[in-house]
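Both complexes below contain chain A, partnered by chain B and then by chain C.
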Partner chain A sequence: MTAVAEAKIRKRVLPSPVTGQEVVLVGVIVVLWAALAVSTPAFLTAGSIQPLLVATAPVALIGVGMTIVIITGGIDVSVGGAIMVCSVLTAKALVEAEVGLAVAVLLSVAAGGLLGLVNGVLIAYGRVHAIIITFGTANLFMFLGLRIFGSGTVNGIPGTLAFFGRGPDGRTLGVPHAFLITVLLTAAAWWWLRHTAGGRHFFAIGGDAQAARLAGVRVQRRVLSAYVLTGLLVGLASCFVIAQGTSTLDQSVGAGKELAVIAAVVIGGTSIMGGRGSVLGTLLGALLVQSVASGVTQLGWRSQLSDLFVGIFIIVAVGADLLRARARRNR
Partner chain B sequence: MSRAVRILLTQRIALLAVLIVAVVVTFFVNDAGGYLTAPYDFDYMSAALITAVPLAMLGLAEMLVILSGRGGIDLSVGAIVSLAGMVFGFAYGEWGWPLWLAILATAGFGALLGAVNGFLVSYIGFPALIATLATFYAYKSLAIVINDQQPISTEPIQELFSISRSVELPLFGEYVPDVPLGIFTFLLPTVVAVWVLLARTAYGRRLYAIGTNDVAARWAGLPVKDTRFKAYVYAGLISGLVAVVTVGQFASARPDAGVSGNGMALPAITIAVLGGVAITGGIGRVAGVVLATLLIVWLNAGILLAFVGNEGSQYQLLALGAVLVFAALLNGLTNRRYGGSAS
Partner chain C sequence: MRPRFTAAVVLTTTAAIALSGCTKKNDTDTAASSGSGDKTYKVAFVPKLQGVPYFEAMNAGGKEAAAALGNVEWLYQGPTQADAAAQADIVRSYIQQKVDTLIVAPNDPDSMAPLLQQAKDAGIHVATADTDAPSSVREVFVNQATAQGIGEGLTDALLKEMGGKGKYAIVSCGQTAENLNAWIKVQQEYTKTKYPEATIVDVVYAGEDQAKATQMATDLMNAHPDLTGLVGECTSSAPGVAQAVKDAGKIGKVFTVGLGTPQAMKPYLQDKSSSAAILWDVENLGYLTAWAGAQIAQGKPFAATNNVSSELSAVAYTEADKMLLLGPALAITDQNVDKFNY
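Presenting the complex of A and B:
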């Protein structure tokens, strides 16, 4: 086989590195930022962009795990509850045990991984649809979180996690660490999903789990690992959440975040039916949603109006994908 | 014996009935032993039924869309309750429409919001999870913006609180506890209507058919898209009625009524699944959803008395989650062991 033919086959096997959806998203974000820069001069300044990037980080980071879960044909609606457990546990450790940065991060990530393991075991080996199991565990996690809260809030959280925060300690050369870590992990996940056999297995499972099993993929273990990974990322993202907040953590932490993450994933072009998706799109989706929220506030509109735009973006993004799929079928 | 076990495992309604008896007996025993903070008796159980009204109605709404198959689900019911509730607040509280007209308009508005979901899912082909996630955000946002984040609690709205009072039943009322009025004005009519729709009309048979296998249903000449679209419209209609109930309960049209905290969609889906509605569509019965609601309502009511302060509401989350995971795992087990579907 000649090198040219081999290259051709390679091209056919691997999807293109950047999907059409991602190109469109970059375009939309550029247009949006340009429009906001024109209408509110304060938008394109470091003081406005840096908090925007910091706020994008937790949703985008969990989105990496959620993308992989959704690629396998599953879903995880328990991440909101998991954020609550990880962040209250870590906040309590910071206040009562005065642990350092590394211990706090390890604790949070380990707790998240454990919660992900619970989901993964139930879904992979219980053979029940993921949405039902995670609806159930969402309640269990919230119970756990509220029990750790006891009554009321966690007060007087020290600035140990300022490395991930909005302050000057949270930036290197003007780039917020939280966002940087998110971008690096997204890039790593992108490479893993695209260029390693293990990564391709997730797509195979989402395309046809039975066929994947017959082809030698250990389906249950792979599915389990997707939920554990999501849990680990929830743990890290919870550290970002604590660092972004004030010195008080209240019981509403994490509420509704599962839907925000799923929104970012589907705006990013990942198919909810499984088998198709990209973590790069998810990062862009999260950035777009946060840009809209930031823009709505800076334009002086009611902040809840940004949810309306999120809804419209979901419809447009997925609608465009549906039309493309229809065009592919008709060709 | 093994036959009894099999019936218990495969017939969801039998299992729920046994669980309800177990829950009630447990709390009666605890009550007799003096472990509860207040008496758990028939009066208390009857009063607790007021929380069953929105829960069971939305559970039935979810059942209709889940039955329609192809991943049917409606995340937007809570947001519809918020937005339709605000419309009801305007119509009845601000513009002074007569009550019957305002209720009719609210239900119609809910149906319209459901029709948007149905149009996206059935005619355009959106996955239901995505379409209703999008409309959840849109409706939630509109409900808050529409009246500038302010609730509507004018005098007529406040007087509506009377619909959530308890009444003595006629004829044999003095022998049984008073029952919340909402049971008769909203819940029972909805239950009967959904039951008639599913069990006694051609539409119901079509809905089960498209949920079981929509390709086969299409080849059999059934109007698949039309049938699925209507399921979402009915779900929206029921959510509109729940909006009226909720406004009455709060004595105020709150812009975040259906989405605050965990929202209303999550518990509604939980109730439907617990009631034996298969998430893959085509399987589910009205009686299952009603029994699942009773189980959760009476369990929650008991838990509230077994713990002091807000611990009770925390343990309610534990109970809901544990029961749902247990029911789901049981479904998986019975499907494998007995091959059949747990209905």
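Presenting the complex of A and C:
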């Protein structure tokens, strides 16, 4: 096959740049922010938006990996446990070994990568569905995390990671570093998924793993890499989590975060059945969820209303995905 | 064929559980009636969650009491997250083990009440500590401080910094936590009567999530630019509100107090983002809990004033609400924070 013909094919099968959900999400977020700006004057100020973006970052960042995992037809419910392991390890290193910023980040990312590798190997080569494997490893990771905590909290965490935090050290020209890094990595992932053969293999696997294998995709290796990538991102996100927490880390860290991440991915328009999805949507989904939570608090509404809204978003998003799938079939 | 098979399995399992339930109850009855004379009393305490400094300090106090009393075996196990269902499982396992006294700090008092009834039916003495289950069959509630004492302590400490007036907000944790809600009620009433120029603008619930408490405190400061005070109602939101004030660069403009453990609050007390942590001597609370467990296991009644140990020489007991009271609330500031190692 000549290079020209290959390029032609590549152009033809290029997945659409967006799933359709992003436009809707941008619209919803714009309307929501406008409504909040009108009803609570302080909402659209730097002092309100900056912390909101910082709080969005960990979920959105892990969401990049989770989106790819879900595109392949898998899922990773162990990220909450993995956050616990990475953050307690890193917090202990910061307190006891007084490591610097770079070492702390490397340690956390390496630990996360290792946990992701465990998931990836079991899922790619064990041939058991990802939800079972990661449900198992979620509990293993939680056990490991609690063992490292050792019946106590980690106290007196120094401000080494303030670079990723909510405070003035966490911003350059008003842009929070944690959010900036998340946006850059999301953009890189978007380009990779759309414009490289390797990235598009994930969609092929999620669409039909058997067909992908016959077409020459190294399915197992690809699937493995999706979970390792998620693990690496969990490691980096754990540094964000430490930075935006307090100087004490307790064992509630990471609890329920797997659901927050999956919610962002689903609201972002990624099909939970695999084969279709977008990391841009996930970023917007995470931003929408955090905007709703902040909005509910700023409006003085009852805290549990944000759960209600997130629930509605998930159901609407899944419904929209099903309708899109049906429309495609009928075409 | 399939559904019928499933139904059969379900039926058999249910029958087996029902049968085994009956046998177990009978077993306990005989054990309880034969268990008299000199013996070691098993006193089990189920905290809201295990592994946090607060309950670990209670555990340390309980162990100390067991060693001092000599005839008590102190058992301690809690869920790894403040989850009512997980806690119920642990309570059930202690009922199965036929401990002498079962003491619980319930995550959800309403769902714990029937379990305590079940324990009582099995011949186990039941009590609550730290958090009460008021509508249950518990024989005694070991109270760290009255809701009045804590609510007023928090309000006074905060309003002292706020100059007796202004707007403040409360970041609470679990929405169904009996003790937190009782304190908040006192804070609302006490603020209204004693500080008429001060108002509570909002009460929000962050669960046990520190990052969420911090973000909510940030949102509250944004929603109310004239806010001058924040209360962190539990051990995860107390450092959370202080961190939010610190990150927003509002130390000295927005004051915070909270129910925090000393070592977690220390950095914030030192940089003044937190003015005071209101607490009690948690180890003594654990000591009193174990002592009370041993008393009811032996069927000894409480006096109006009880001499428990050298540090707890006059613990008041009120018959009307069956409550042992540890003492007045304690204000922890940067001056005395180093006295506490938890």
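The working rule: the second predicted complex is superposed on the first by the 318 of 331 C-alpha atoms of A that agree within 3 Å, B and C clash if a C-alpha of one lies under 4 Å from a C-alpha of the other, contacts with A are read in each partner's own complex, and residues count from 1 in each chain.
Following the convention adopted for this analysis, a contact is a pair of C-beta atoms (placed from the backbone, for glycine too) under 8 Å apart; a residue touches a chain by one contact, two chains touch by 3 or more.
Worth saying up front: this structure is predicted, and the values here are computed from it rather than measured.
With chain A as the common reference, the superposed partners chain B and chain C clash. Using the contact criterion defined above for the overlaid structures, shared-chain residue A:L107 touches neither chain B nor chain C, since it reaches no partner. Using the contact criterion defined above for the overlaid structures, shared-chain residue A:I262 touches chain B, although it does not reach chain C. In the superposition on chain A, contact of A:L122 is made with chain B only, not with chain C. In the superposition on chain A, A:A226 makes contact with neither chain B nor chain C. Look at A:L146: by the touch rule set out above, it reaches both chain B and chain C.
In the superposition on chain A, A:L161 makes contact with neither chain B nor chain C. In the superposed model, A:Q304 lies in contact with both chain B and chain C. When both complexes are aligned on chain A, the segment of chain B among 25-33, 97-105 or 241-249 whose C-alpha atoms clash with chain C is 241-249. Looking at chain A, you'll find residues 142, 146, 151, 255, 304 touch chain B in one structure and chain C in the other.
The part of chain A that touches chain B in the complex is made up of residues 75, 122, 126-129, 131-133, 135-143, 146-147, 151, 255, 259, 262-263, 266, 272-273, 302, 304-308, 310-312, 314-315, 318-319, 322. Those residues of chain C lying in contact with chain A across their complex are 49-53, 56, 80-82, 175, 201-202, 204-211, 214-216, 218-223, 225, 236, 239-240, 242-244, 246-249, 263-264, 266-268. By the touch rule above, chain B contacts chain A in their complex via residues 73, 75, 120, 124-127, 129-131, 133-142, 144-145, 148-149, 261-262, 266, 269-270, 273, 279-280, 309-310, 314-315, 317-318, 320-322, 324-325, 328-329, 331-332, 336. Those residues of chain A whose C-beta lies close enough to touch chain C in the complex are 40, 42-43, 45, 47-48, 51-52, 55, 142, 146, 149, 151-153, 155-156, 165-168, 241, 244-253, 255-256, 293-294, 297-300, 303-304.
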